[in-house]
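Paired with subunit B in one complex and with subunit C in the other, subunit A is shared by the two complexes that follow.
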Partner chain A sequence: MASRLEIFSPEGLRIDGRRWNEVRHFRCAINTHPVSSDGSAIIEQGNTKVICNVIGPVEPTLRSRVVPDRVSISVKVVIAPFSTIDRRKRSQNDSRMQEMCSSIQHVFEDAVIAHLFPRSQIDVNLYVVAQDGGVMQACINATTLALIDAGVPMYDYVCACTAGMLDREVLLDLNRIEESDMPFLTMATIGSKRKVALLQLEMKVQFDRLEPMMAASMSGCHHIRDLMDNEVRKHGKSRLERGSL
Partner chain B sequence: MPRDLTPSTIENTFVLKALTERIRLDSRSFNQLRDLDISFSSTEYGVVDVKLGRTRVIARISAEITQPYADRPYDGLFIIATEISPMAAPTFEAGRKSEDELVISRIVEKSIRRSGALDTESLCIISGEKCWAVRADVHFLDHDGGLMDAACIAVSAGLLHFRRPDITIEGVGSRREVIVHPITERVPVPLAVLHVPVCVTFSFFDVRRASSAISGRTRNDEAKDVDDDDVEEEDDSSVAVLVDATLQEELLRHGYMSVTANTNREICQIQKGGDMPVDVGVLLSCSEAAIMVAEKVTKLINKRLKEDGARRNVGNLLVEARAENDR
Partner chain C sequence: MPLSLTEESYLNVSLSQRPPCRPDGRNHLQFRPIDAAAGILPTTNGSARIRLDDGGECIVGVKAEVIAVSRGSEVISVEVDCDIVGLPANSPLQNLLCATLETAIKNSLPLRLLRITNKYRYKIFVDGIILDHVSHPLTLFSMTTYLALLDTRLPRLAPDSAGRDNDDKDDIGIPQFSSDWDDADRLCQNWSPPLVQLGIIVGKNVFVDATGEEAEVSDGGLLTVWHDGRVVGLRVVKTRDSSKQVFSVSSISNAVEVLANASRDIEKALKGIITY
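And then the complex of A and B:
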């Protein structure tokens, strides 16, 4: 057995057998929790699994959350203790988590047509059931689908994808092992254009390497957009056939 | 609870209208930084006062000897404390972390600590037993926008300026002893700073949104506009990109991105929050601009360090007394 994991083999294969530009197995479903929430979705990207519940638009529960000209969105992320190999309870007040919540919130405040629902609120609850890299991207993708299911009007799909840089090789949609080994960025695009809603890079990378990383993650985002669009249309069709619209 | 600062509608339209005519209220050009002033304390090492326009930040670096974490016996400790008190602006509450504060502290943390600006392995004294714990306390004294940029410059400059007391280890095995030589006795040692990260914040203004707001159309028309325009190809001219926004511009902007770069043409951190979607090309050119700013700021830091060194080194005594000199 090799003593060190080979992140990218000379044959051009990654640890889980993908090529550099392949996203992980992507499975999604919408309207998974029709009773508990107005919109719901499950996303699986490789071994990362996120459930999203959307409640709203409803009347604000707190007076402080009333915004006179737009809808207020709040995002909560719960990470299940069993989501990683070592089981431990994570606090909600971790600054990383808070930052993630506020980033997701800002993404959707500009993606949702917010002025249609003045003085109302939308609650987004995300449950990370299993994490294997790319938690942020899975959360954003799940929120998009759940908001669509809830019938909240949006300008376009918000899709997120990661891309990393190993020496000179760009790798798309990293898993946990790859994420810990190289600088990577998370990008969220809106629609199928070159519009970037969110961009996060946490580790040092040469400037020249930035452009290929961004190009790769953008193509990943567009690919994921197509996959999610297929699922939404398939779901819409099946509902139309059942006549339960 | 103190209320957020909310600019009036008149202020909003005025600033935006000026921006559509490519004018900033303080008569800077879009890619111009405010006057940056860096001064070091004359008595203490590692105390930096950074003034970026009317924003003022003081950073103080200190070091003490502690025990390293059990899982990283070879690493020293490096902590950055960025608590914003109501002294900076009335919107900040003591003891309660606001969202802005969270973003600022995370960005400073990522820019400096996670990018490895300070070599923590060099802080190790005896592995698993003793190490230096370097602490950077950032005090925000006045808030006129660009707190994270100023904080990042202050900490970077502070790390370069700071000197820790020299130490020697005596004895062998378990009876090793660490002797700390006070700075009056031996020339203190600089920290191992690997690179100088400089954070630059770019503010995005949607000029098109601004022009429709000025012409007095309702939000619904505006939304329709956005829908229509999404179909056609976007051009970069609809986005105004401002470097180093003042507080007023910060409150009115539609989106922002902060990039941390250094003189090695490396990008240490990018944080573009979810506000206003922007074309990739714009983001890339911002990153490139950040490198230029980083070069300029680093040059200024080095210049000030040199001046400070010359002031301290009266009669060339510090050079003569260095430990690495030939005897």
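And then the complex of A and C:
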């Protein structure tokens, strides 16, 4: 290996001490910005931190956004210049970011029960304040929680997770160093069944290794779904006790 | 939503009364409660977040970079940048925020704080995101920047790479830093960052922390730069399209005095958040 870091030790430990099938430290909170938005969430996956604000469903501000039979969702991602180790300023029109916005938008257009809100819009604003790999997955998970907080009906949780392939070893939920060292895919699932909402693989990988990667990230997604579900139920319970529902 | 003529005149009259009557019952020097936190982002040298009562929120991260300097150059490298969500890049509001803060920091920051060796110096990047704002975001951005700069720490040189006396430091090449983050120096140990405060003028009265509606009926705004216990700069700001740009000397000096009092209190409150 060219790099001086040992990505996966012979004992089966990764650079941050995880096993191959362990996800990073996961912390989430919902209803974090009750004044400025209808639904909000903060997600931390390892050192990646994303804030999500959802405004809507509301009447569209522009006539061009009126869809007669379903809700129109627009996603905006702001990546803070201080989120990476080296400061980097990105413009809003960066093509990679636009691609990320549109794929998140497509995922949620299918996950939200769209026909219940004809002629209305939902704005999703995502702020990436710290990134350490897995920005896309954190954005999708944060959007799910914020939409739940906003009370937008969805078919089920949309959860995303990455998985990478190092030689013949599958690694789950990569951090930034691992991401730069191996091919990886991002997968989003709907619910706890084997339904895939998004699959993104931008690097070359041998065909027979695709399936183990998908299987691993599927199990990661299900694990994250459980973690998110716990948080939502905990939050709902505390709201109920306070009598604010 | 724009105010109707009746609402506007009602608000204007009640604000220009003596004593004034604000819609939310505050006195002219009173801020709405804010929620502030510092040191929230591990990838930055210093960071802060402030949330206002009306939902306005700002996150600022300060990052330091090592740059090589040519001998004798005395330029302080500070860059201030902010993203205002919902507004396009390079909007007038964004330019006002960035330019004001950048000038204020550059004029007050002593060069020796950024010095590493004779050949290398820090460059400070102050980046902010304004997630949401209902009232004018200048005070919000300034307070968050102040807090983030208070929180900023710069790593020390590794003990073995620094020479005994200052002349030796000239000879070492790329500076080696101590790997112990707890050993880092506070940027603001002997320096206090500037604080920009925006006040609105209605008749003979001056108000701090104006809500959007209050700014909508004001004659105009005045910003003051507070540094080291005194006001070091001021500027008239438009608070609405038809706002006045000309004020009498007495109303400006009155406003400066009011804003100075407000800045003193805010400085004290923000310094209380960071524990050294």
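Criterion: the second predicted complex is superposed on the first by the 242 of 245 C-alpha atoms of A that agree within 3 Å, B and C clash if a C-alpha of one lies under 4 Å from a C-alpha of the other, contacts with A are read in each partner's own complex, and residues count from 1 in each chain.
Quick note on the criterion: a residue touches a chain if its C-beta (ideal position, glycine included) is under 8 Å from a C-beta of that chain, and two chains touch if they have at least 3 such contacts.
In this text, all values refer to a predicted model and were calculated from it rather than measured experimentally.
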Room on subunit A for both subunit B and subunit C (clash or fit): fit
Subunit B versus subunit C as contact partner of A:33, first or second or both or neither: second
Partner chain(s) touched by A:81 [first = subunit B, second = subunit C, both, neither]: second
Subunit A-centred angle between subunit C and subunit B, computed on Cα centres after superposition, in steps of 10 °: 110
Which superposed partner A:127 touches (first subunit B, second subunit C, both, neither): second
Partner chain in contact with A:50 - subunit B first, subunit C second, else both or neither: neither
Subunit B versus subunit C as contact partner of A:42, first or second or both or neither: neither
Subunit B versus subunit C as contact partner of A:115, first or second or both or neither: first
Touch count on subunit A, higher of subunit B and subunit C: B
Subunit B versus subunit C as contact partner of A:232, first or second or both or neither: neither
First (subunit B), second (subunit C), both or neither touched by A:89: second
Per-pair minimum CA distance [subunit C against subunit B, superposed on A] in Å: 18
Shared subunit A contacts, counted only where both subunit B and subunit C touch the same residue: none
Residue ranges of subunit C in contact with subunit A within the complex: 41-44, 47, 51, 53-57, 59, 61-63, 65, 81, 83, 85, 89, 125, 127, 129, 131-132
Contacting residues of subunit B [partner subunit A, same complex]: 99, 102-103, 105-106, 110, 114-116, 219-220, 223, 226-227, 230, 234, 255, 257, 261, 265-281, 283-284, 287-288, 291
Touching residues (chain side subunit A, partner subunit B) in the complex: 69, 95-96, 98-99, 102-111, 113, 115, 155-156, 185, 188-191, 193-208, 210-211, 214-215, 218
Subunit C partner contacts - residues on subunit A that touch it in the complex: 33, 35-37, 47, 49, 51, 53, 76, 78, 80-87, 89, 91-92, 125, 127, 129-132
